[in-house]
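Labels run A, B, C and D following the written order; every chain starts at residue 1.
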Amino acid sequence: MAGSSFGNIFRLTTWGESHGAALGVVIDGCPAGIALDVSDIQAYLDRRKPGQTKIATSRREDDAAEILSGVFEGMTTGTPVSVLVRNTSQRSGDYSEIANYYRPGHADYTFDAKYGFRDYRGGGRSSGRETVGRVAAGAVAAKLLREFGIELTAYTRSIGPVAVDMEKFDRQAILTTPTCMPDIEASARAEAYLADCMNSRDSAGGVIECRISGVPAGLGDPVFEKLDANLAKAVMSVGAVKAVEIGDGVEAALHRGSDNNDAFCMRDGKVAKASNHAGGILGGISDGSDILLRAHVKPTPSIFSPQKTVNRQGEEIEIAIKGRHDPVIVPRAVVVVEAMAAVTLADALLLGAGAKLENLKKIYGS
Amino acid sequence: MAGSSFGNIFRLTTWGESHGAALGVVIDGCPAGIALDVSDIQAYLDRRKPGQTKIATSRREDDAAEILSGVFEGMTTGTPVSVLVRNTSQRSGDYSEIANYYRPGHADYTFDAKYGFRDYRGGGRSSGRETVGRVAAGAVAAKLLREFGIELTAYTRSIGPVAVDMEKFDRQAILTTPTCMPDIEASARAEAYLADCMNSRDSAGGVIECRISGVPAGLGDPVFEKLDANLAKAVMSVGAVKAVEIGDGVEAALHRGSDNNDAFCMRDGKVAKASNHAGGILGGISDGSDILLRAHVKPTPSIFSPQKTVNRQGEEIEIAIKGRHDPVIVPRAVVVVEAMAAVTLADALLLGAGAKLENLKKIYGS
Amino acid sequence: MAGSSFGNIFRLTTWGESHGAALGVVIDGCPAGIALDVSDIQAYLDRRKPGQTKIATSRREDDAAEILSGVFEGMTTGTPVSVLVRNTSQRSGDYSEIANYYRPGHADYTFDAKYGFRDYRGGGRSSGRETVGRVAAGAVAAKLLREFGIELTAYTRSIGPVAVDMEKFDRQAILTTPTCMPDIEASARAEAYLADCMNSRDSAGGVIECRISGVPAGLGDPVFEKLDANLAKAVMSVGAVKAVEIGDGVEAALHRGSDNNDAFCMRDGKVAKASNHAGGILGGISDGSDILLRAHVKPTPSIFSPQKTVNRQGEEIEIAIKGRHDPVIVPRAVVVVEAMAAVTLADALLLGAGAKLENLKKIYGS
Amino acid sequence: MAGSSFGNIFRLTTWGESHGAALGVVIDGCPAGIALDVSDIQAYLDRRKPGQTKIATSRREDDAAEILSGVFEGMTTGTPVSVLVRNTSQRSGDYSEIANYYRPGHADYTFDAKYGFRDYRGGGRSSGRETVGRVAAGAVAAKLLREFGIELTAYTRSIGPVAVDMEKFDRQAILTTPTCMPDIEASARAEAYLADCMNSRDSAGGVIECRISGVPAGLGDPVFEKLDANLAKAVMSVGAVKAVEIGDGVEAALHRGSDNNDAFCMRDGKVAKASNHAGGILGGISDGSDILLRAHVKPTPSIFSPQKTVNRQGEEIEIAIKGRHDPVIVPRAVVVVEAMAAVTLADALLLGAGAKLENLKKIYGS
């Protein structure tokens, strides 16, 4: 089934496998008139680039984006923006032996169950490289959102047991620490924890948080297209994410109504909230406060310790995974979560345009 | 935007407000040839019926379902199944005073922000009564799934601090305890906790868990239509849900790869897993193990304690909510979560039918 | 498959069979703030009501519409508008004998081929009564369009060999002639032709034309969601329609570019066209001229002459259809074509709202 | 709005402008296990290649297709097939003067009205080159359909007043005549007619017909997703098409029921029809007879005679179009119509897989 598209009006379609010729995305429904340059996209792609630090795989990926359509004289034209990234570093030989068995924690078995066979090279379509297209689309969405003062900030909240101290939040550090943590001290401790994981041929999980500020009240929908429901899908669709929280999330279930409710108040002549346990969404619709979400990411399934599994012949075997694998997925997934949140918001912005007659009259007159 | 539909092939469209003439659902894309009787639907609707215990509102709702189309001589025909439930117990007078202010934790303000005004009676479209249509559709989906041995079991996992002891899991108790807990002792403690909440004019949250057994490997999709992503959206779209977990969920992020990975093994001549931290889904596709998900539900926002808020004129005021409100949403939402999981699975089953040429040859020959 | 919905943002879902309990439609995505009363819908439904003249079946159908949701204090709320019409006049006995054979020109055989069996009473889902929901939705769409000065006028262009003289176009006659022709003399001749058809136990076809005025330039989309492509689908989805033309249609293919091209000119300070061979659409997008389309409708397949066919047992038999059948479908389908054109335009209006950044800035500011 | 996708399960998304870096298509939802090679696609693309005869533009376009994803070891994998075609021959200089005025019969004005500006080079997104992606997708769809014995044959039925004599139907001639007519004599006459058009700096229209054989009964849907409705949209979405007919089409409206109805009969032990006025579709569902459709194509709007129009400043001017333009669009659109019919059928095949429980049991067992 056509499962490679996301969004209703602002709609992306990603394609490509880890070791195919290229990966890419078609972004359809982007409004005309947004200034867009390939450097806007490249800046986002660079945030997911591996090979930069000792906690990331040594695989070199340049991921140079090319815009093939939809932009004319520096502006989006309203027609599909197609972005292409050639694969340059694939070494298929590394993966040939996994053709015949099912790696624990990976999609090898489920692909075979669904499709009968699979492109086994580097995880094929379920490789982390599939997110190249998401991130490129997220860059375009972010450009659109910025026109309305909407800003997204995703970062690593924790790795294994090491959590950021939010009192020490340092936005700059997100881009400079190898962990994407906004807290240099926590990042150093997380690196030490990861070194320990690597020493024991093991891997770690962690939590990504994303804050979206400047969202006008009124985006989203009251029933199935709730803004939080779409954010949950967007974020859970990122490989390795096992839980999604909005606002207080899991904590909310432990509280009482009297402390979970956010009182409304007036601020600068506008309706606001005295607290934000809700995470900026009420009844599926943005309430004007910051939207806050968290994604819980499982540890990298590719570990170098021996593991039990089965092969395609139905024999129980023991394997040891080789190759280049990050000990933690979280830092490279930070920009992916931010991108998915961005495309979800962009779609809600466009969908909301016709929510009331008054809006349409502003566009079409009467 | 048309946000009242869910699913791609097995597709439901709900409609109706709390205090309108009726609520209902159109279920389109249901395969022909499934035995279906109104009692199948009624049995599900009865599970969300209030007024049965002291922890639920005294509002009497009969919620008698009527099937208006799509069933002929006791079988689905493949055409849309329309289900209607008349509203019989609405007392609009109860709600008239909320027309002018914004209840904390409710969608009153966000509806006004989006649409310019709202049907304020009983929460209108964002009332819990909207779930009547979801539950009716879930009943139909469950009937379809049962044809393939797929069974869903949702229950209350915890209310406030009181959690079920899974060692004492008693499936029958789900339908007999007022909390929908599968553990009679825990349920008694939860009732005591809720009595305390009510005494302090407050409310509680909790956690709903849903287990889906008998799922064949291979359902779901590898990218945006991941089975877990769609389940996350389905469950997060239920009002008051603030977090969704799949399998170990939040816990997974704290573990290492070596203990989070599930080893594959052979069982009864088939590929199976030695553990199920993944919750039955790998790479977005079912792996044949039980699917396990959890929804974290915030406390009922309607509490009887005084609260600060603002009115439509932009004045800060203090209010005290009246009327009939459950101290906890969880027990009535159990069947809603089960229903949403069922429709998600039904859709995945239908979408997967054309995943490989071999499947189509079974249907159309060659 | 979920094939009972139409439209992207302004989206209708129809349900119901000819001889079921009721028929109806859910209209989702209708903007908030449109004045809507049940009489708006009833006026449209009355235009498709049979039993009014000697050229229509004697079956009495009151088709009394009930609005069950989505309207509050006389205004649409932005939530789904559910419209219900009870079936009151069905006489299932009339149809029992067709359960076992396949009527020529009807969908009996194809339903069995697709679904394995069918609700054979009165054509079930493929009855002309299915259009009740379309017409109700069209009434709502027309209300929305009127806010922007967009008006639709559908009428019978010809019946069999009898065509309207467009020089004598009389809009009022559309509602008063039994043929829905805008030309009283042609209508009289068409009635005579139909009387002749009935005398020979036969039936006639004809052509419906629809003109849409006041359409702003810029609605529609350049590739697959071309406005003419969506109108073609909308109109071809009406039972018995076998051809759709836009503008000069079939004639255009016979002309040369020099006489088919419409020169642009300035009129009242705006870009206009000196002629309108294109029928108001260029490159899939409205050009500000009137949109003109035609639907060619086959003769009623239910004729009283003996016909050869086969039964479910695969035996060749001869049948004679009984019951109440119009000798021509066209007059009752006029309002259906108008309704389908209206919902297509309404959807295009909503989809276009986000086509350029400038539009979004009008709504959300910057 | 995201209008560059077509289909529900078998879903294509095209992108690219006439004079951009490249054009392409992403084909999502194609079942796994179909043998596919780039030569399958190239063979289709070559059929739309210009520069081959004196009736086509001298522009050289190699249109060399590259498959970038979704195929592994010669088989589709079930993941998106991305096809890229680089633009190699664009000469932007040819088009610079049209930046400022609106060519009659083209989408220049409507693009400006919708998006505020446009990529004016060579028609940008509304160029005939957009069909490159459609044709590539059609090649893939045709490969899938052939697995089930479904074959498509499109050809030129007429050019201007010159029509094919169907008694002389010669399938081979479709690929060898410059007109794509299956009748060498008619083709010669059409060429003479076109020479005359060119001499008078004018252009011609024509009719494309497509026959689809081997279609099993039961494909399509009874209401909005009628097979004929989707074919109508598919074909009308091809630029320059102004009318679509199914079966007898326009003729059907002139006939009586007694001669338009197709009697059912038994043939080789199966239900068949004694005639095929319906064109293979009854009630929106295929009936097992050949599907027959016709597209009426307007004359090429780019003519070399002087024409009146307006410029972006709102001044009335006279222009003379230069450059390379075919005197008739029909021959190059033949394969486009065939491709659009193929993707529509492929989607119906996949959608129908879950129409009845019995089908699903064949796939999933019970």
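Following the convention adopted for this analysis, a residue touches a chain if its C-beta (ideal position, glycine included) is under 8 Å from a C-beta of that chain, and two chains touch if they have at least 3 such contacts.
Computed from a predicted structure; not experimentally measured.
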Contact counts by the stated rule: is the higher one at C-D or B-C?
C-D
Can you tell me which chain lies farthest from chain B, using the average of the Cα atoms as each chain's centre?
D
Whole-Å gap between the CA centroids of chain B and chain D:
44
Would you mind pulling out the distance in Å between where the CA atoms of chain C average out and where those of chain D do?
26
Just how far, in Å, is the C-alpha centre of chain C from the one of chain B?
38
Multi-chain contacts in chain A, i.e. residues touching at least two other chains, fall at 1, 3-5, 8-9, 14, 29, 32-33, 78-79, 114-116, 125, 216, 222, 350-352, 354-356, 358
Which bits of chain C are touching chain A when the two form their complex?
8-9, 29, 31-34, 78-79, 144, 147-149, 216, 222, 349-366
Residue ranges of chain A touching chain B (in the complex, touch as defined):
1, 3-6, 8, 14, 102, 104-107, 109-111, 113-116, 125-126, 130, 158, 160-161, 197, 200, 202-207, 216-226, 228-237, 239, 242-250, 252-258, 260-266, 269, 271, 274, 278-279, 281-288, 296-303, 305, 307-310, 314-316, 351-352, 354-356, 358
Where on chain D is chain A touching in the complex?
1-5, 7-11, 13-17, 20-24, 26, 28-29, 32-33, 66-70, 72, 75, 77-82, 84, 114-119, 124-125, 350
